[in-house]
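Going in written order, the chains are labelled A, B and C, and every chain counts its residues from 1.
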Amino acid sequence: MNLTIFLLALFDGIAYAALVFSVAVGLTLIFGVMRILNVAHGSLYAVGAYLTVSLTGYILALGFAPVLAFPMMIVSAVLVGVLIGGPIEWLLLRRIYNKPEVLQLLVTFAVFMILEDVQRLVWGTQPYFQASALQAMGMIRVFGVNYTVYQLIILPLVALVLLVGLRFFLRHTILGKLILATTEDREAAQSIGIDADKVFLLTFIVGAALAGLGGALASPTTSILPGMGADMIVLSFAVVATAGLGQIEGAAFTALLIGLGRSFAVYVWPETAVLVPYLIMLIVLLVRPEGLFGSPTARKI
Amino acid sequence: MKKLLLTTAALIAAPLAALAADKPAELKVGVTTFLTGPASVFGVPARDAAEILVEKINADGGIAGVPLKLSFIDEGAGAEALTSEFRRQVESEGAHAMMGAISSGNCQTLAPLAEDLKVLNLMWDCGTQQIFEKNDYKYVFRTQANATPEMLATVLYLLKVKPDFKTIAVVNQDYAWGRDSWQIFSTALKALKPDAEVVGEFFPKFGAADFSTEISRLQAMQPDVILSTSWGGDLDTFIQQAAQRGLMNSSTFVIPLAESSLERLGSTLPAGHIVGARGDHYFLHPERRDDADFKEFMAAFEEKTGAHAIYPVFHMSQALAALEAAYDKAVAAKGGEWPSEDEVIAAFEGLTFQGLGREVTIREDNQGVEAQLLGTSVQTGDYPFATLENIMIFDGAALTTPVGQESVEWVSKLTPDYAASVKVDSYDR
Amino acid sequence: MTVRLAIPALILLAVAAIPFAAPSLQLLMNLALAKGIAVVGVTVLLRAGQVSFGHALFFAIAAYAAAFLSASMPGADLVLVLVVAVAGAAISGVLVGLFVVRYRGIFFGMLNLAFSMIFWSILEKFYHYTGGADGIRLPRPTVFGMALERGPFELIMFYLSLALVILLGWFTVRWFASPSGQLFQTIKTNETRLQYLGVSPQRALLTGYVLSAALCGVGGVIMGIVQGVVTPEFAWWIRSGEMVFIAVLGGAGSVAGAFVGAAIYEIVRTYASAFAGDIWQMLLGGFLLVIVIFAPKGVIGIYDATLARLTGTRANDGETRK
């Protein structure tokens, strides 16, 4: 493998990792705070993508500039968070926080099944494609290979902003500190007057919006079609579990690991590319069951 | 135990015996199609087409005077639901014939099942060439071609329009169709153009959302030709990403299933790439587009679905045409009386029928012989998407593996002068 | 108490009569019985408080073992196919179990998921050996040397499945009551006590894990034989999720509930996909939500509560679960 190929694989890996991180970060946030592994995250991702495509198509039809596709991504993400994430927490999850883990997981599994059909009823079965945002950014040429600016620069940049932004939000804003306090000890937080219900609701809305944003960011590069959520959710699980549940920085690192692993596999031995994320997850979990960055929790007695 | 078995055998045989001579009030046909999942891009248009066609058949008095009633089974609900429902329709609802399936895997499951249930089954869309090469079936027929003629025609077209290419790479979906079609294509290429070099083989997973890495690699390799037998969302994504990054300017794409993606791809698909249609299926079929029945159907289909017809629509029309032709033939042979199941089966021998494309003939091994249409993409501005020019329609007879032979073996023994033996008609557009 | 025994007995009799009373339901019920056995495997782990999101792994391993055996030994006998397949699942259970029994809770679940997804990827990827996404055919095995037609063969499979349901259900319930089973269930309530007793919780969990893998294997091989084809979908994560779904639907931790849940699930799914093709997933999801939120003890819980009200006795959790 020469240096050019190495760098090409590196670029591809980073672009892919950025996308995976954008999706996985919402999942890990929700788990970190609420201790719920949200299977419906994949559906929220898909709905975010569908919404972006529809909204972008709509404003383009009205004659607006393709650059406006970017604000539409944020609008879609917010809509997913507020209109779908909110009610899920409010109507369903709130009833089951004191139930066993398996029941919590099944509730989100049920929501996943329902949302899969909702997508099909609303958007039908034909694949959608809406690449205006990507085309608006143009291409750059590196070592004789064309890359889109969107994938090579914008996506990693957005991922970086998300990472730094979330970190800042959680550590340096009042709201973020309230969330962290609730995560640490819910009862203690409530006793000092924090409304834990509101914190959970807010967290879930933010997490769901991040899933929607992941879908929105993916939409210019891929076909939007039924079933896209089911694939993404397992990949996000792999990222989140490998990183250590609730580890945001860890998720970024792991996404990079998986993204690079996959792209190098395509260059070296394409047949193994699909195995890479799960192999990484398995090896990491066998050596460090709490994940790369997770801290071992004290066993309950 | 023996008595028990006999009773069951009697129970299973009973409805068949009763059904033999009575003219039913309606002809019940179960159709398996994808209503959910990625392959619903084929299944849903085919269902819509079936509804239009059946309405027309029934308005004209039905099949030999009996109205046709279709019920649809979702192939996307998984193999258990599919086989349970298939059996329920045959055993409980008394379906007279079945049409299954789109997925080759499902065809391989349903063919032996139909044989056991002794029910007529028309494989109306699936592509695997193996079904009749590995097994003999009495009740199972295929009303279209299979992977072998589809891939052979593609190789022949490529050799006609771009005879001097040196290198080729493949990006296929990682499942039976992607692997089988490449095996046939590469074997044919080796036999017909031994100097072509395969520089890259990629099998990204089915439903992959991202081909960026493959595309980077392909750009570094610069092959003359890139083959992809992918379809649906996978193909759309691949073409979009390849076009976005300029790969389609440096390599000629050979995309044998792209006819079904033309409309969705819109202006993305540039001119000059080789497009196939799994048979002579094209909404501007040069030999059929001025025929009244063709125009009437296309108008009805566009009005109903808002889209142009794609190949599974044609396949559906062929299966229904075959059913109608077989019943008509069997009724005629019986002097106007309603035929038994066996008599309908017998009518399929050498049956010729015409759906929306050219005529199709059923061979003695139950395989249909169908013509193959390919063309080169062009953006004319008449439609908001690419259409075809330099269209060639290959006669199916010489493309289809001879009865009793195994496809890959047969294809590997072809010689470069084989190309001349296949009858072909050319049209500018 | 007699009512409590009489109703299950009546249900079993009704199921046994299906091939004659309602032949159209026979295949459906057979698939439900197969799935039910696999779900018992998941239920076993639930009794130790562990949820596996990857038990479809063993389901698939057994099915593929059967398919490979039949391919390399055409006309292999049913008994041989069953034994080899279940042995395959059990051995993989030991191998995977050695790794995963060190973990609890969500980590246990995720690790199982990882194993099953790797197996799934291998099945999809190594097309030349596994047939890829289309899977491989599992031809009908011979029964004691006889090659049977579909009708009689399916009848045999049906009663064989029913017999296995009764046998394995009984065995599992007995095992729960045995010393080894008791230790196993202590992992849920008080794992530390096991250590004080000088018992390795890992070993206790491994025993149960292998049992659950073998049960999933029995379900998988029956499913494969009845369908005549095995596909990577057998190992897909949604299949694992479905098993947990059914376990909870029937009544988490209840062996009888596993079968009841499987029957209800299969019926709802088949009829929903037949009569409401567009929204069958939504119906199933809604159904699951209602169960989890309003009747978290599942169908068996409802049954016990109803029975308790009718007979005037108070349902006792410990009792009903046996």
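Operating definition for what follows: a contact is a pair of C-beta atoms (placed from the backbone, for glycine too) under 8 Å apart; a residue touches a chain by one contact, two chains touch by 3 or more.
No experiment lies behind these values; they were computed from the predicted model shown.
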item	value
Subunit B and subunit A - chains in contact with each	C
Chain of greatest Cα-centre distance to subunit C	B
Cα-centroid distance, subunit B relative to subunit C, in whole angstrom	37
Geometric centre distance via CA averages, subunit C-subunit A, whole Å	32
Subunit C: positions in contact with at least two other chains	124-125, 278, 280-281
Touching two or more other chains - residues of subunit A	120, 271, 274
Touching two or more other chains - residues of subunit B	35-36, 174, 203, 205
Subunit B residues within the subunit C interface of the complex	4-5, 7-9, 11-12, 35-36, 72-74, 77-81, 83-85, 87-88, 91-92, 103-105, 108-109, 112-113, 116-117, 174-176, 179, 203, 205-206
Residues of subunit A defined as touching subunit B within the complex	4-5, 8-9, 11-13, 15-16, 19, 120, 124-127, 129, 131, 134-135, 139, 143-148, 151, 218, 221-228, 231-232, 262-263, 266-267, 270-271, 273-274
Subunit C to subunit A touching residues, read off their complex	46, 51, 99, 102-107, 110-111, 113-115, 117-118, 121-122, 124-125, 191-192, 237-238, 241, 244-245, 248, 252, 278-282, 284-286, 288-289, 292-293, 296
Partner subunit A, residues of subunit B touching it in the complex	35-38, 40-41, 43-44, 174, 201-205, 207, 209-210, 212-214, 216-217, 219-220, 232-234, 236-237, 240-241, 244-247, 264-265, 268, 307
Touching residues on subunit C, where the partner in the complex is subunit B	19-20, 23-24, 27-28, 31, 124-125, 127, 131-135, 137, 149-152, 155, 223, 227-229, 231, 233, 266, 269-270, 273-274, 277-278, 280-281
